[in-house]
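Pasting the structures here.
Shared between the two complexes below is chain A, which pairs with chain B and chain C, respectively.
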Partner chain A sequence: MSLPPALRASVTPPELELIACQELVEIIPLIAMEKTAFISGAYGPLRPPHKARIPIWMAVNLKQKKKCHILAPEWLTVEYLQDKILQETTQDEFTKLPFRFAEISRVLLDAASDDLQNPDKLRSLLKDLREARQAKARAGLQSLEHSTLGLSNLSAMEINEIRPFFIEAMAVLGQLRP
Partner chain B sequence: MNDDYFSIDAILAENQKVGCRFKIDIPDMGHLGGGGERDIAWSNTLQLPIWLVYTVVLSDWADMIMPPAFGNKVRNALKAEPCSVRLASLVGAGGLWYGFGKTIMELLVDKKEMSELLTNTFRKRLVEVIDQAQHFAALGPAGGTGGSGDSAQSFREGLDGTERELFALAQEGSKRMKRWYEEGEKARR
Partner chain C sequence: MSGVDSWEAEFHRSKTNANAASGPSAPRRAPSALLEREDQPMPDFLPEEPLPDETPLEQLTRHWMNERHAPDILPAQDVLLSSLLDHIRRQSDTIQLLRGDPSTSEEEHIRIMLAQTEVERVKFIVRSYVRTRLYKIETYARYIIANEEVQTRITTAERDYASRHAHLIDRHFYSSVLQSLPESQAGLDDIPNFIMPPMVTEPDTTRAVFAHARKGTIARTPEGKTVDLAKGSLTLLSFSAVSDLVSSGDVQLV
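Right, the complex of A and B next:
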């Protein structure tokens, strides 16, 4: 293959971020706009002060021009995340979170931290959550089998992070079978 | 590590000699052992390259002697603490202990025990390999020395070639993640 080695094993985090930005988010527009057709679909019309659902990339763009407020998804709040961390540290399984929570939370925290309540607290909670989940993925390594691996509720970013060496390790285990 | 004909790793892993004790007399073949003897006599022990061992063992002309890299001493050490054994120094050049072990396994009648030895060792060491890889990725380019002590360094030096690859993969992945998270932090400042 002509791809550099770093890109062969899995997609890169910025690529995942790009994909995640296709998901919809609620905004309160500050400007009016007619219904507009994009390749991925038609969004709008924007009529302040009514809420609208548009893709994240568009919301971020409007936000940068100060033409909308982004409404945080219901899972991006201090209470919700604290609840999840509690579940995460008391249960053996991964807790259920939006598949692309890592990417979306980072994009929203970067672009619209003034629209979120207590962004610094959110950041530290997300970090705690990430570390708790990483510890679980690590524990999963010990029981690695050559054929199957069950880690349900893992998010896109986490799967992507462990994919290269989990695949390789499973291939080795397959080779070592009698 | 695989059976592919063109796999360089497989070729390197077979770059080993294995002791064989002959069960028959083979006249006029003494030069194979590199000695001055004219014949290979019964119960003579010779170090043979792997490609020749296959033929000799499968034709029942000789018994393979388990190489020291998988002998009782190593087995007991692995049973006690897999992470403290330096796999790379058990096998020469390249240090493909698992690859060599797989080759030996193919020659055995009872493959199960050998497979268990290799699999258990791999699985128990894997966690430490990944931990250290992530630790080093977190240090960044400046902190190359690592402060986790002698045992960690000794473990890293003793990594088998296959484990080295995994180490590099895990380190690269963690680095990318770290870079991505830090890009966000930079953008905020």
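Right, the complex of A and C next:
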């Protein structure tokens, strides 16, 4: 078949990861490279020890070959996440986070945990954050009606998680409507 | 070294290409801009807010995701797609050239490996995008060949594919079952009566989608309600309310 059944209802987390890895991240290169034209744009030049901004997939690739250090984005720090969790648990709305924070943090924690400060703490904070937000998304179901629902600040991975259920619920509500 | 020279040339070409590729999307935005002026009584609502700049690859990624989430088939992006395919081809040629060059240094090898990785990434997106459209064309083949409006959204090749697919399915149904049935029951496109679903599969445009507003705009739900979509906001609503905004690029599906 042209599209496997598993891909018809929604996109898959690996696909979201692929998209997220196109975003830029700062690195400290350990090798030199001239400015190079890639399909997504020109990156470089890499001149150690000067910082450079390249896509995450490229940074992870270089990191696996021990050719660079990845610098954590400013939101992937213990202080920032603790702050966000506090906001998340005290406010009704979702706090603003990078749209693809779940994918990016996962990729960086997997590939470059030695470049991050306190990766274990980061992992547990991200999990807490995820749980707090998940609970909120479920509570949001109560306000679901047949036509519209505002869900601003929800991230890509969270949307993907609630998508099947929310879409189905909305369809059923639409059918029940007089 | 000849390989590096061609890489430099590629860099300049990609810069001019990026400009050229943004060209075709401009006229498509125009109709929505007209509509917007009618719809918005408040002049202080930033009438001409430019959409964020995108590279051709970002555009394709957006269209890919739109296509994956939309229940109906969206306008074909053949200009964008062919310019990206050309770019992939040129990039692969450059890589081949550099590979064959025995004097490439180790540093050069990393560059080649990264470029090769990217080519594969872009190919994946292109393939998934085309396959998503093919899936919709196969599912809605009969609906597409009977509907002029849908045909304007697909390329000639896709239209041929739809009609060939529909004819094959028809022939198959006829030779396996329909020819043995009474003539009155052998049709494949009977008008549905009130308990039966329609025989021709149609996209369910009332299905809910997650719409992310790329600029401030207004959507109209099928019931005639207007929904304010502030820039950057995320709303769950029926696809039919945002289908025009998705085509114009004001809204993207996530």
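The criterion applied here is as follows: the second predicted complex is superposed on the first by the 173 of 178 C-alpha atoms of A that agree within 3 Å, B and C clash if a C-alpha of one lies under 4 Å from a C-alpha of the other, contacts with A are read in each partner's own complex, and residues count from 1 in each chain.
The rule is simple: a contact is a pair of C-beta atoms (placed from the backbone, for glycine too) under 8 Å apart; a residue touches a chain by one contact, two chains touch by 3 or more.
Because the structure is predicted, anything quoted here is derived from the model rather than measured.
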Counting only touches as set out at the top, which of chain B and chain C does A:86 meet: first, second, both, neither? neither
In this superposition, which partner touches a larger number of chain A residues, chain B or chain C? C
Given the touch rule stated above, what does A:151 touch, chain B (first), chain C (second), both, or neither? second
Could you say whether A:35 touches chain B, chain C, both of them, or neither, answering first, second, both or neither? second
Answer with first, second, both or neither: which of chain B and chain C does A:164 touch in the superposed model? first
Applying the touch criterion given at the start, work out whether A:141 contacts chain B, chain C, both or neither, answering first, second, both or neither. first
Overlap of the chain B and chain C footprints on chain A, residue-wise? 10, 163, 171
In the complex, the residues of chain A that touch chain B are 6, 9-10, 12-14, 17, 106, 109-110, 113, 138, 141-142, 144, 157, 161-165, 168-169, 171-173, 175-178
Show which residues of chain B lie in contact with chain A when the two form their complex. 1-2, 98, 101-102, 105, 111-112, 114-115, 118-119, 122-124, 126-127, 130-131, 133, 162, 165-166, 169-170, 172-174, 176-177, 179-181, 184, 187-188
Chain C contact footprint on chain A (complex, rising order): 1-3, 7-8, 10-11, 15, 18-19, 22, 31-42, 57-58, 61-62, 65, 67, 99, 147-154, 156, 159, 163, 166-167, 170-171, 174
Where on chain C is chain A touching in the complex? 4, 7, 10-11, 14-15, 55, 57-58, 61, 65, 68-69, 84, 87-88, 91, 107, 110-111, 113-115, 117-119, 121-122, 124-125, 128, 131-132, 134-135, 138, 206-210, 221, 223, 225, 227, 232-238, 241, 254
